[in-house]
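Order as written gives the chain letters A, B, C and D; numbering starts at 1 within each chain.
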Amino acid sequence: MAITGVQRAGFVQIRVQDMKAALHHYTEVLGLIEVAKGGDGRVYLKAWDEHDHHSVVLREADAPGMDRMAFKVADNDDLNDFETRLEDSGVTVTRIPDGEDEATGERRQFVIPTGHTIELYAEMEQVGNGMPLDNPEVWPDGLKGMHPSRFDHCLLYGDDLDGSVKLFTEILGLRIAEQVVTPDRKLMIGAFLTAATKPHDVAFIRSPDKDRFHHASFFVESWNDLQLCADLITKNKVKLDIGPTRHGITRGGTIYFFDPSGNRNETFCGGYIYYPDRPMLTWTEDELGRAIFYYDRQLNENFLSVTT
Amino acid sequence: MAITGVQRAGFVQIRVQDMKAALHHYTEVLGLIEVAKGGDGRVYLKAWDEHDHHSVVLREADAPGMDRMAFKVADNDDLNDFETRLEDSGVTVTRIPDGEDEATGERRQFVIPTGHTIELYAEMEQVGNGMPLDNPEVWPDGLKGMHPSRFDHCLLYGDDLDGSVKLFTEILGLRIAEQVVTPDRKLMIGAFLTAATKPHDVAFIRSPDKDRFHHASFFVESWNDLQLCADLITKNKVKLDIGPTRHGITRGGTIYFFDPSGNRNETFCGGYIYYPDRPMLTWTEDELGRAIFYYDRQLNENFLSVTT
Amino acid sequence: MAITGVQRAGFVQIRVQDMKAALHHYTEVLGLIEVAKGGDGRVYLKAWDEHDHHSVVLREADAPGMDRMAFKVADNDDLNDFETRLEDSGVTVTRIPDGEDEATGERRQFVIPTGHTIELYAEMEQVGNGMPLDNPEVWPDGLKGMHPSRFDHCLLYGDDLDGSVKLFTEILGLRIAEQVVTPDRKLMIGAFLTAATKPHDVAFIRSPDKDRFHHASFFVESWNDLQLCADLITKNKVKLDIGPTRHGITRGGTIYFFDPSGNRNETFCGGYIYYPDRPMLTWTEDELGRAIFYYDRQLNENFLSVTT
Amino acid sequence: MAITGVQRAGFVQIRVQDMKAALHHYTEVLGLIEVAKGGDGRVYLKAWDEHDHHSVVLREADAPGMDRMAFKVADNDDLNDFETRLEDSGVTVTRIPDGEDEATGERRQFVIPTGHTIELYAEMEQVGNGMPLDNPEVWPDGLKGMHPSRFDHCLLYGDDLDGSVKLFTEILGLRIAEQVVTPDRKLMIGAFLTAATKPHDVAFIRSPDKDRFHHASFFVESWNDLQLCADLITKNKVKLDIGPTRHGITRGGTIYFFDPSGNRNETFCGGYIYYPDRPMLTWTEDELGRAIFYYDRQLNENFLSVTT
């Protein structure tokens, strides 16, 4: 494919209430790699197979939640192009200069109709995946915990689902891989949006409040790795939400759990390869239980109510 | 990503010497689904999770080998655009009308410097993946054999490696995810080219003869599925080449085996997610054994010599 | 080990309310093999890797539950020896003649203090595991559904836990691999008893009522197979209880679900190899959640209340 | 089962030429745990889920190979009983006093007809599996490398196969789970002997020389763990013999590799549960390739020729 536009979910900035406890969780249990600590106290982490400098930024704050989610675009022309298209559609775009985040080029920041702060960026320093580019091994030494290979996606809750989906599809060029609708198909309840070939880079669920964060998800290789994740969750007394189980939507294997501040994490495996000619799948609300938790076929009470 | 250009390895037409034996192999053992038989005797098959009509065409012939490999592009504008660019670079392009293959729109056919016949197409009838688009299950009933979910890639052998790589990268827009070079780095021996986010859609190995077919590969979900593949190979007295093992290149799990005519098949799992900003990996020829067969760290005698 | 005494959980007779629905469940979904139908309408089934004629007997009845659980002993001398020892301890033993069950030698039947009917037998016709004894494959063709390899164990609920455990350990020679006790360790709440090297052949949980059946369990090879089980449960609209998850006790992977009459089934994988010199593990009631469901670390409401 | 006689393969003493290199291999790569170093320089190791003090003893020597293999019996009465039976059959038995090996009770040592030194012992200090006996986790922290859970079995090569098999079955009470015979069935070429419910605790292959050591094997949980083993073999530049593959005999998954002195190790998974009423399986020599390496269906040149 010619490489233009939004490539992937690039990074997420998460608020944590106790940085020390958070770092233990994100590095020792989840198994991300701490890359840098900013002068402002923010900590930058990456998953092992990412070459870019970071995919998670932790910021100490009074309340948990997601500060912003950023998407990487192919180049700075895309940045400017998207800026124009966003502003043409009435969205206010703020330019964030190079260096405001560690190792990151200039960014474009804007608030989407569901209230979430989204950013675009084209440049980030590369620090590699712990292996040489010549004659590497298949994984680096020193991996810890669940050691996901990549940051995968976020699920966001908000009110104006239609507005955010429209912005992501019509302006940013993502596609709806799957949707959840009311039985009469008049209202979209959920949308799973992909930038490239993953089943989703970002997803939205309609909910009354703006700017709610449901979870950030990290990719592990297989269902077998989900058992390791589950073992580690119990051994480390991490609060489990649900899993290991499987989503009907995306077909992916999943386990949900909480960081010490109550932000939900997911490790995720499997899922199909999406191509633009793959038909969109539709789930009706009466099948929402099976759509979300394919095995239980019913939502747990946390899924719809607990967000940060 | 904005959706233009070559999306993926779409289908491959393989010559088989005994259609009945071939169909048994490709449907009962490999577990592809027979979709249609053409008036000219060719048989069209698909992997279960492909929505398009077919990804493999079998043609009865005196000798095994690959007739052609076809790539799906986003739309007919791309077809015309690539035609122009190919012809501008001196490549003769033949227009194949809609319908010459079953269920397939018009194609552009050309011979690349390594002697292989390549095609581009934008349209193919969709027959679905055996499940409804509304509220589906995670896999359809009735799967047989190894039941890969998708046709993944081909590996082709030929003399003018540089020419074919140049055509695929500079004209068709694929990228080199990994390469193998001589220790002095002056000669490229192998190139693994990706159209989107798979580690490869097509790969080339330099060899003396033109138009040699090394293998067609099909995607299975996990290392665990490779054990099923291996069990089925022995239970069905299929000729094994090597595996289950792992590639250093792509990191993917692999097993190679032969269809009754001697064409090599692979089932493949894992491998990283490629993005355009992922640095190219380079293997030097002295590490070729580990690059190809990460566990044995040496090539088996078949790998370089047996092609069809 | 010299081979005397109780070898294993041999078979279980389960009451089902609708034989046709039950057979669909036990053969097509669970994937047992129907071996014979008795003149009295009872149906005999086996798991694929058992050589004996059957390990499950289904009997149509008004209410679900377990009629009896039978243990295979090494030879008829053991039968007589156990009969003497049971009667010496005050247990009434009934001799069931050869042939009263299909393909089964004479049995000794008795009721244990928790109210369950237990049998011993030494002889059963062997029908094989679907493969020759000379130069076999690693699994037979034609497997369906979850296709466990063996009947593994039952969990029984009853009042006089101490009495049943004493009978099984002191007379029948089983050993307590793990126990659950009250925090003051004065009362045993659960006992997991092994005849040989499995973590358990039969287990008991203390409960108010006599002769309650919690589940019959079947062995699958790996955590990966539990995902297949879970997929099949949803695809076949089987009622799930809980899972896939893991037990703290035994460490085994597990999924619980219900047959159409409401009898609970389990497929189980993993678990350690027990030897007589392995120390007994003890769980205190305050850790019962983690003991039973290692990931959730709390019992689901069904576990203690739903039995047949 | 009543618990008498030989329970399992207990430990093996292996000669290594460079203790430092050997310890790196056995602890960091294979992932055994170093438990003690004897005054005589021997090093005692265990697999993580063994409660006994050790299952491997390394002794520095000029040449690699196996000094002796020891089986654990139920109690000291068994020791004396087997001593009598061995001597009655003409085998010379040496009494080794308590404490000659670290943490080990008195032993009975004898040479079997294939020339191997075998020992029996009943008592060994228990050091536990790294977890409490009350409310444990499912695996301990700090596991390294391949971290097998148990020492599983040895394969020994020698001339008087019939003599050793007769001794193990008729005197020590092991059973032949599987055998390999010449096509005319007149000569036994291989025997796989089980003490309890594993497919084998010790196996013999007929070969011209006495007292040859083919491999010591360690149990890992699943086929998935074999991929980890294979990755570690390559990453640590360990010499691979063959695998990951599968045995026809035992059905177990396997990978063979060499310690720095050239002693072959195996990690092994799966295999059926053996019970005394399981029919013996027979492989004919013409199917030996498939029997040993189920996927390749031919022996590699090392298998029959490389022993220590």
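Operating definition for what follows: a contact is a pair of C-beta atoms (placed from the backbone, for glycine too) under 8 Å apart; a residue touches a chain by one contact, two chains touch by 3 or more.
Remember, it's a predicted structure, so these values are computed and weren't measured experimentally.
K.L.:
What is the minimum number of touch steps required to go from chain B to chain D?
P.N.:
The fewest steps needed to get from chain B to chain D is 1.
K.L.:
Using mean Cα positions as chain centres, tell me which chain lies farthest from chain C.
P.N.:
Measuring from the centre of chain C, the most distant chain centre belongs to B.
K.L.:
Which integer distance in Å separates the CA centroid of chain B from that of chain C?
P.N.:
The answer is 48 Å.
K.L.:
Provide the C-alpha centroid distance between chain A and chain C, rounded to the nearest whole angstrom.
P.N.:
Distance between chain centres, rounded to whole Å: 44 Å.
K.L.:
Could you please state the distance in Å, as a whole number, between where the Cα atoms of chain A are centred and where those of chain B are centred?
P.N.:
31
K.L.:
Out of chain D, which residues touch more than one other chain, so two or more?
P.N.:
137-139, 222-224, 231, 234, 246, 290, 294
K.L.:
Hey, which residues of chain B end up touching chain C in the complex?
P.N.:
137-139, 141, 222, 224, 231, 234-235
K.L.:
Which residues of chain D touch chain B once you look at their complex with the stated criterion?
P.N.:
223-224, 227, 230-231, 233-234, 240, 243-246, 253, 290, 294-297
K.L.:
Within their complex, state which residues of chain C touch chain D.
P.N.:
1-8, 49, 51-52, 72, 74, 126, 128, 133-139, 149-150, 173, 175, 195-198, 219, 221-224, 246, 248, 251, 270, 272-273, 275-284, 287, 290-291, 294
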